[in-house]
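Below, chain A partners chain B and then partners chain C, in two separate complexes.
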Partner chain A sequence: MFNYNFRWNQALNSLPQMLEGALVTIEIALLSMLIGIAVAILLTVFRLSGNRILSAIATTWVEIARNTPALFQIYMVHFGLGGFGIHLSPFLSLLIGIAFNNAGYLAENFRGALKAIPDTQARAARSLGMSAGKAFRHVVMPQMLRISFLPMTNQMVWAILMTSLGAVVAMNTDLYGVTSELNARTFRTFELFAIAAVIFYVITKAITLSARVLAARLFRY
Partner chain B sequence: MIEIQNVRKSFGSLEVLKGIDLTVAKGEVLTIIGGSGSGKSTLLTCINGLEPIDSGKILVDGTEVHAKATDLNKLRQKIGIVFQQWNAFPHLTVLENVMLAPRKVLGIPKARAEEIAVKQLTHVGLADKLGVYPTRMSGGQQQRMAIARALAMSPDYMLFDEVTSALDPQLVGEVLDTLRMLASEGMTMICVTHEMKFAREVSDRVAFFHKGVMAEIAPPAELFGAPKDPELQKFLAATH
Partner chain C sequence: MKTSLLALAAVATTLAGPALADKLDDIIAAGTLRCAVVLDFPPMGSRDANNNPQGFDVDYCNDLAKSLGVTAEVVETTFPERIPALMSGSVDVAVASTSDTLERAKTVGFSIPYYAFENAVVSREGLDMANWEGMKGKTVGATAGTYEAIWLEGKVKEWGAGEFRPYQNQADVFLALSQGQLDATVSTVEVAEANVKSGNFKGIKIVDKAPMVPDYVALITLREEYGLINYMNLFINQQVRTGRYAELYKKWVGEGEPANLTIQGVYR
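Now for the complex of A and B:
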């Protein structure tokens, strides 16, 4: 009945391939965060603009990103857009899907952070002759990004884990994809996925810890 | 010259400025006193266009502040304002706080902006705090930094909105000394204040606001020595 024989050595032989996959996972997560932060800042500006249309675009984005499964979001980028004749590679689909999700969550984080910055900050900046744009860029936004720093690292961890959803778009070069293909060839399911899980854990832990070190430097005030 | 002509302003149904007429000449130091809710702080934020007005006109060197065509960003470069809450930018060092507007608004190169900032910070006695983050300083020091930050734009006018009201009593002196120094240097200043002794010493004229009306304006000796307005008499009796 319980006669599964562990073959760790065989599974561990695949470690180099899996680590290569881990690099792809990190690459996707990092890029998706950079895109996500940029878009989230844009969405925040949309919401602050007072323009109804821009504000509605931002709100819709945030609502969809936060209230539908990330898996659907990635699926839609690949197969949904495919229906319109826009065919993206699995890599791009996964990247865009995660970036979409990141942007929604981060925009909401930014909104919370803005509430913690007194209006008088922008007012002081404006009274020095800064335009609304300059006041946001040089006074409000830097504080917003610092306040959102820890939520951003959470989102980065989440982005790493979300790469495994690449499964639905046949992504096969990231950590999950590589592990899954090795499994299909060798059936060392438990060993392979346990190793992959440890790699995921090490990556996310490294992110959280380095974020803490970085935060100590950023939050000098 | 700042010319305020029949300015009215309401917040909702509350009229806080009920037709103010006032002219401040170049080099003059005017202080405004009065109870809270008298409209004196609102007037200051109207002068640099942070607050809109309902009717009347404010002219700064002939430019109408609230005219549609007026470039407020440009106008504010020559009107410095310091608030009760000093509003230091917490993510920047003291030096960076003061350099920011000269660099980003006036486009002054970094080295030159730093020179200006160091000069102004030295002026207000903060030469030893350049690399410090403002939250590490006392309220009095932060307020002096805010003054240096406004001065770094080389304004022609300085507005001070109860700049000592939020300070611990032992820190008030250092900020008032900074204002006295500016006044003696010939800066055109409008100071809203509760410091009667200060008002008496530095002002060319003192204006008393009561319920949105400028009830009396006179040189300090006259206004404090022989107040005519009954509300002013009451106010002075209460603040001694």
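Now for the complex of A and C:
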């Protein structure tokens, strides 16, 4: 029981606007990944540091990021901080929310990756005269990033899909935002969201495929 | 024997033949009228202290069900969910303050207007905004998917200055406004007054009327359900004729005259 006549031409006219939205979506996802990776490395170092306060910070971050809905995290960045007079634009709220989530998940990926690296390597590096920091930077971290490369791709896909949550913080320039605004205007719900779904699919597929090609090139032994 | 079999077959076909039954028949046969109502849009739709739906739209749905001799079932929807709810058949009509734009009429079937909103500009205290034109260049927002949001976004584009933000629901708009994330919003006078009065949002105030064509809202159902649309038109006419429209206005909006639903100089 589905009472709807599809009229594709009207929806397809909006395709250029939706593709522009897709660019914003990719931009946010990429930036959130860069920030997320940087913060995740920092959190990993915090955990390795042996300093109780630093590792408590890292653990709290990871726990919140992984055990609460991303929707909640993004909402809190906008309205939670807003309550304290810190006003972030919808773009920044969404970006920070996703980056926060990314960092939590990636830190956990990195922890798993570290377990796969024998600690004799770090010790060997130290015995060659490297400082702890140098040993981490030159010996451990490159391997850690390599091992967690594919999980990172997964997170990138998640980041793309999470941009659709920006609607709760009034984001209207990303793919989902553009689509829902067109929908409010025209009520052509099913065509518009079908097109959006296809664009999302193409983006995420392109990411996983190119990551596979990249991995094959980067990580040849 | 043969004739009785034929007769049985004939009876069976008549009973099983739903081809001619339209939505109006279906509703009466089912004994239930399912209405999509937006419940974070006081005074049109909200929830009372016991979490039961209440408001102008809820009463309107109950009245419609009563006239049909069926029971009403209120299905809560958001503004963007109204159409999927109708199309998927999970509701029969939407009594949800739906603005009757021509663009939308290409997709859904509108009744005659059952209510008309005026819109107000709401700003926050401590901001120097004398009238609606003061919104130019400011950060403004409204509830995504509404008539006033579409108008306001158009204005921001026309001004070429400032920023427009569509929040997901009315509560978030006023929250953002009272936090200072927004400088102003446009909402229906009814909603604006209810929220200023409620005291839930500190430091917001009504500045001016928004200079737009009154926002006529109608009941909606599937575009091809002429039987039901016809019925709804007559029902709305009767609501006004019997004074029920004025009664509901007094109950939910307050003293004063409800908006005139006819337009001078043209047939519907």
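A few notes on this one:
What we mean here is this: the second predicted complex is superposed on the first by the 218 of 221 C-alpha atoms of A that agree within 3 Å, B and C clash if a C-alpha of one lies under 4 Å from a C-alpha of the other, contacts with A are read in each partner's own complex, and residues count from 1 in each chain.
As a working rule, contacts are C-beta pairs under 8 Å (C-beta built on N, C-alpha and C of every residue); 3 or more make two chains touch, one makes a residue touch a chain.
Treat the numbers as computed from the prediction; the structure is a model and nothing was measured.
The superposed arrangement places chain B and chain C next to each other on chain A without a clash.
By the document's definition of touching, neither partner reaches A:F6: not chain B, not chain C. Within the superposed three-chain model, A:Y201 lies out of touch with both chain B and chain C [touch as defined at top]. In the superposition on chain A, A:F190 makes contact with chain C only, not with chain B.
Looking at the superposition, the partner that touches the larger set of chain A residues, chain B or chain C, turns out to be C.
By the touch criterion defined above, A:G82 reaches chain C but does not reach chain B. After overlaying the two complexes on the shared chain, residue contacts for A:S180 are found with chain C alone; chain B is out of touch. In the superposed model, A:R126 lies in contact with chain B only, and not with chain C. In the superposed model, A:V139 lies in contact with chain B only, and not with chain C. When the two structures are aligned on the shared chain, A:N172 is found in touch with chain C, with no touch to chain B. No C-alpha atom of chain B lies closer than 48 Å to any C-alpha atom of chain C in the overlay. When the two complexes are laid over each other on chain A, chain A has no residue in contact with both chain B and chain C.
By the touch criterion stated above, chain B contacts chain A in their complex at residues 48, 50, 73-74, 76-77, 80-81, 83, 85, 87, 89-91, 100-101, 104-106, 133-136, 146, 149-150, 153.
Residue ranges of chain C in contact with chain A, taken from their complex: 79-80, 83-84, 86-89, 103-104, 106-108, 141, 144-146, 149-150, 153, 163-168, 172, 175-176, 179-181, 222, 224. Contacts from chain A toward chain C in the complex involve residues 1-4, 10, 78-79, 82-83, 85, 87, 89-90, 167-168, 170, 172, 177, 180-181, 183-190. Within the complex formed with chain B, the residues of chain A that make contact are 118, 120-121, 123-131, 134, 138-139, 142-143, 146, 220-221.
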